[in-house]
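Chain IDs A, B, C and D follow the sequence of writing; residue 1 opens each chain.
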Amino acid sequence: MPPAAAPALIDKIVLANRILYRQGVVDAFGHVSARHDRSPDHFLLSRNMAPGLVRRDDVVTFDLEGAALDAGERRVYLERFIHAEIYRARPDVQAVVHSHSPSVIPFGVTQQPLRPVFHMCGFLGDGTSLFEIRDVAGDTDMLISNGRLGAALAATLGAGTTVLMRGHGSTVVGASIEQAVYRAIYAEVNARLQIQARQLGDVTYLSAGEAAKAAAVNDTQLPRVWDLWTREVGKID
Amino acid sequence: MPPAAAPALIDKIVLANRILYRQGVVDAFGHVSARHDRSPDHFLLSRNMAPGLVRRDDVVTFDLEGAALDAGERRVYLERFIHAEIYRARPDVQAVVHSHSPSVIPFGVTQQPLRPVFHMCGFLGDGTSLFEIRDVAGDTDMLISNGRLGAALAATLGAGTTVLMRGHGSTVVGASIEQAVYRAIYAEVNARLQIQARQLGDVTYLSAGEAAKAAAVNDTQLPRVWDLWTREVGKID
Amino acid sequence: MPPAAAPALIDKIVLANRILYRQGVVDAFGHVSARHDRSPDHFLLSRNMAPGLVRRDDVVTFDLEGAALDAGERRVYLERFIHAEIYRARPDVQAVVHSHSPSVIPFGVTQQPLRPVFHMCGFLGDGTSLFEIRDVAGDTDMLISNGRLGAALAATLGAGTTVLMRGHGSTVVGASIEQAVYRAIYAEVNARLQIQARQLGDVTYLSAGEAAKAAAVNDTQLPRVWDLWTREVGKID
Amino acid sequence: MPPAAAPALIDKIVLANRILYRQGVVDAFGHVSARHDRSPDHFLLSRNMAPGLVRRDDVVTFDLEGAALDAGERRVYLERFIHAEIYRARPDVQAVVHSHSPSVIPFGVTQQPLRPVFHMCGFLGDGTSLFEIRDVAGDTDMLISNGRLGAALAATLGAGTTVLMRGHGSTVVGASIEQAVYRAIYAEVNARLQIQARQLGDVTYLSAGEAAKAAAVNDTQLPRVWDLWTREVGKID
């Protein structure tokens, strides 16, 4: 069991859950984790519950096998392996958001990548990858419920920021909680805009150069938007 | 007249009404019932009123002919026969939701079945059935206002979870109130996603195996989502 | 100047304004009137202001020339002639709603009639009529700002319930305030459903017989839905 | 440093920020400015922060080079050059709104102009212009972050009211804060309607004559709608 994580990190995880709920990215389902700040082979994730209700006492410590170290009687998420295997495969990743955000789902089920429509979504680069679970395990319940499926998902994510999961949702990663939450919210925004733009005609997406430059600027704006979102959720406990 | 139903069941019916209203599945119209827990040939349904305003005292006891046993002066729903005939035809069904949830209606009027787009909607199986009232009774006011129409609707529902009603709305059933409410809410979500996905390209729906497995897992999550929805509606009376 | 209208009628006009605003049918613009209950050649309409802010003292009496009898210093709506000329042409009409409700506007600008998609919209009959102001007066500011334009609009409405106004919005009429408000709200709902249904395939609309029968039943439900809408707007003043 | 601007002007800038946020035109990003009322070569713009949180003390004075005269420690917007160069190029313009309002973005990325669908949007005239930043500076981060890019944007705006910015958002101008805010809000409304109308069929837009006449009338209604929007945001500080 690693030493206690910094209280500020626990607070950010609680805030992230509440922000994602308020922004409509998660509903009763979906989850956000952060790599443990004192031990890179561990991560922090709420117990199995609706994200909008998460409190400080709900945050549980996990290892990269997906084993909970301090859950006690509390149930854990079936899909903690999404987080575990991404932290294992990606030493650069410090936070992970898994959601069923509504506008993104249509892209996974039609094998269309999200591509950056506007400058706020430069992190989408030259397009998202798609995880097709049938290719890995035939007919399943669609959930990443063990390490093998988690590793397959992480392999599909590769070095990217966002992986679509056919018939399920999506997962985004970040170098910080703020960045992962920003990406989850703006992936949803981008999806909505991309559906509408496709109805009007051929879409000019950001070029690779534009996407990279815009993403760099967006990252400098993270404190500003995190501040607004934090104020909107109010006090946490 | 059967013995009094368990207060907990009455409470769930009230909560179900309020949840469905808050989630936008019902508006001033629509209704949810439960089979009587002390008498399988009876069911419980609010008196004729807007679902969002239902209170404990509004719940009325009916038999399978659609006759109210304790309505007193209170008016009853014209379409109580939807519930009566489904309880008669389906001994496994313990709750029924009838609504005009907006995203589902376009499917009925274009003869397109709802098919499961993502794992939360496994209960849709290989697609919904469609009840075309003209085939049964020519030009009508579209309402299931007698036992004969109710029986025809139940026959179209067959062994399924969801039946679309052309030019009207839809009806979903469940083995519990929680399951029926979940299905009504997620049928609406699925419909919205299916319309958007169709705009992007050919849709990969859940296979029969995926749908069955996903539905089984969803049922284990019912307490979690029912808890969230219950908290959101607050106190009932 | 006719005798004072019944206070209950004034209250209904205030409620109607607030309900239409809360339901998103009117925004800062749009208006609802009622024929004077003591004098059929007069009608009651708010002074020129945002409908969501209307109070009892804002209701003004007009004659069928569109002249205000008790406005005092208060400004009147440029488009009072919509109401005046419809009351003149249609002795059966007791209330009129003019709005720019958003989902209806696309139909006017593409010359597509609203047709009843589901049973709540039987009043749409075999389709709405379309008023093209260019045919009457060439290039205008699109407003029904005099009696001649109002009469032309009323002629296009004919014996119907709903007339679309190209590049502007729509106007619905009713035999009571409750019915006119219901129709304005459900015209908007129908428009939204019709756009979505058209994206899925060929649409089966209500037949003429279905529309008439459904409309008759809807009218019996007006008290129930008016009660819900009234509760939602709360106290008026 | 010019003399202090009128307090009423500062108040309007604060209100404008709050209104645009509440109306969904700006989110954590976007900004609105006004030309200084005592010095036409200066303008007033909030410091770099989320528009919905702007208070009187956040308003900063700038010259037309985009230099802040009284920012102190406060950070300024990267894109203040949008405002600076438009005030330089357009002596008639007294207010500028830059936003990423969601329904407008799809038009920029498909090279489709916004065209007036209904009378509230007469200011769109015969269509918006489109600023393609690649034509000016190749691969960028999409931001108007210097005077050269601002001047290019202003040149594309020309004598118009609205310029779309591919892969970014849009900018509207006005002869007053009220007019610029109105135009930003109704550009978003028009975009939404135009997408829906295009799904139904060929669209009849306002003719040049209709657009001009309707715009003139809309301008007389600005006090009414500004009053409603102001009431909705409540007290400012």
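Convention: a residue touches a chain if its C-beta (ideal position, glycine included) is under 8 Å from a C-beta of that chain, and two chains touch if they have at least 3 such contacts.
Here the structure is a predicted model, which is why all the values come from computation and not from measurement.
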Query raised in the report: If you take the chains that touch chain B and keep only those that also touch chain C, what is left?
Result: none
Query raised in the report: Comparing centres built from CA atoms, which chain ends up most distant from chain A?
Result: C
Report task. Determine whether chain A and chain D, two copies of the same sequence, contact each other through the same residue numbers or different ones, counting it as same when over half of the numbers at the interface appear on both sides. Result -> different
Report summary line: Rotating chain A onto its identical copy chain B by a Cα superposition takes an angle, to the nearest 5 degrees, of 90
Report task. Averaging only over C-alpha atoms, locate the centres of chain C and chain D and give their separation in whole Å. Result -> 33
**Report entry** Mean-CA-position distance for chain D and chain B (Å)
**Finding:** 47
Requested in this report: Could you list the positions in chain C whose residues touch two or more of the other chains?
Outcome: 199
**Report entry** Contacting chain pairs - touch in the sense defined above
**Finding:** A-B, A-D, B-C, C-D
Query raised in the report: Touching chain D in the complex: which residues of chain A?
Result: 116-120, 122, 189, 192-193, 196-197, 199-207, 209-210, 213-214, 216-217, 221, 224-225, 227-229, 231
Report summary line: So, in the complex, the side of chain B touching chain C is made of residues 28-29, 48-50, 52-53, 78, 100, 102-103, 105-107, 109-112, 134, 138-143, 166-169, 195, 198-199
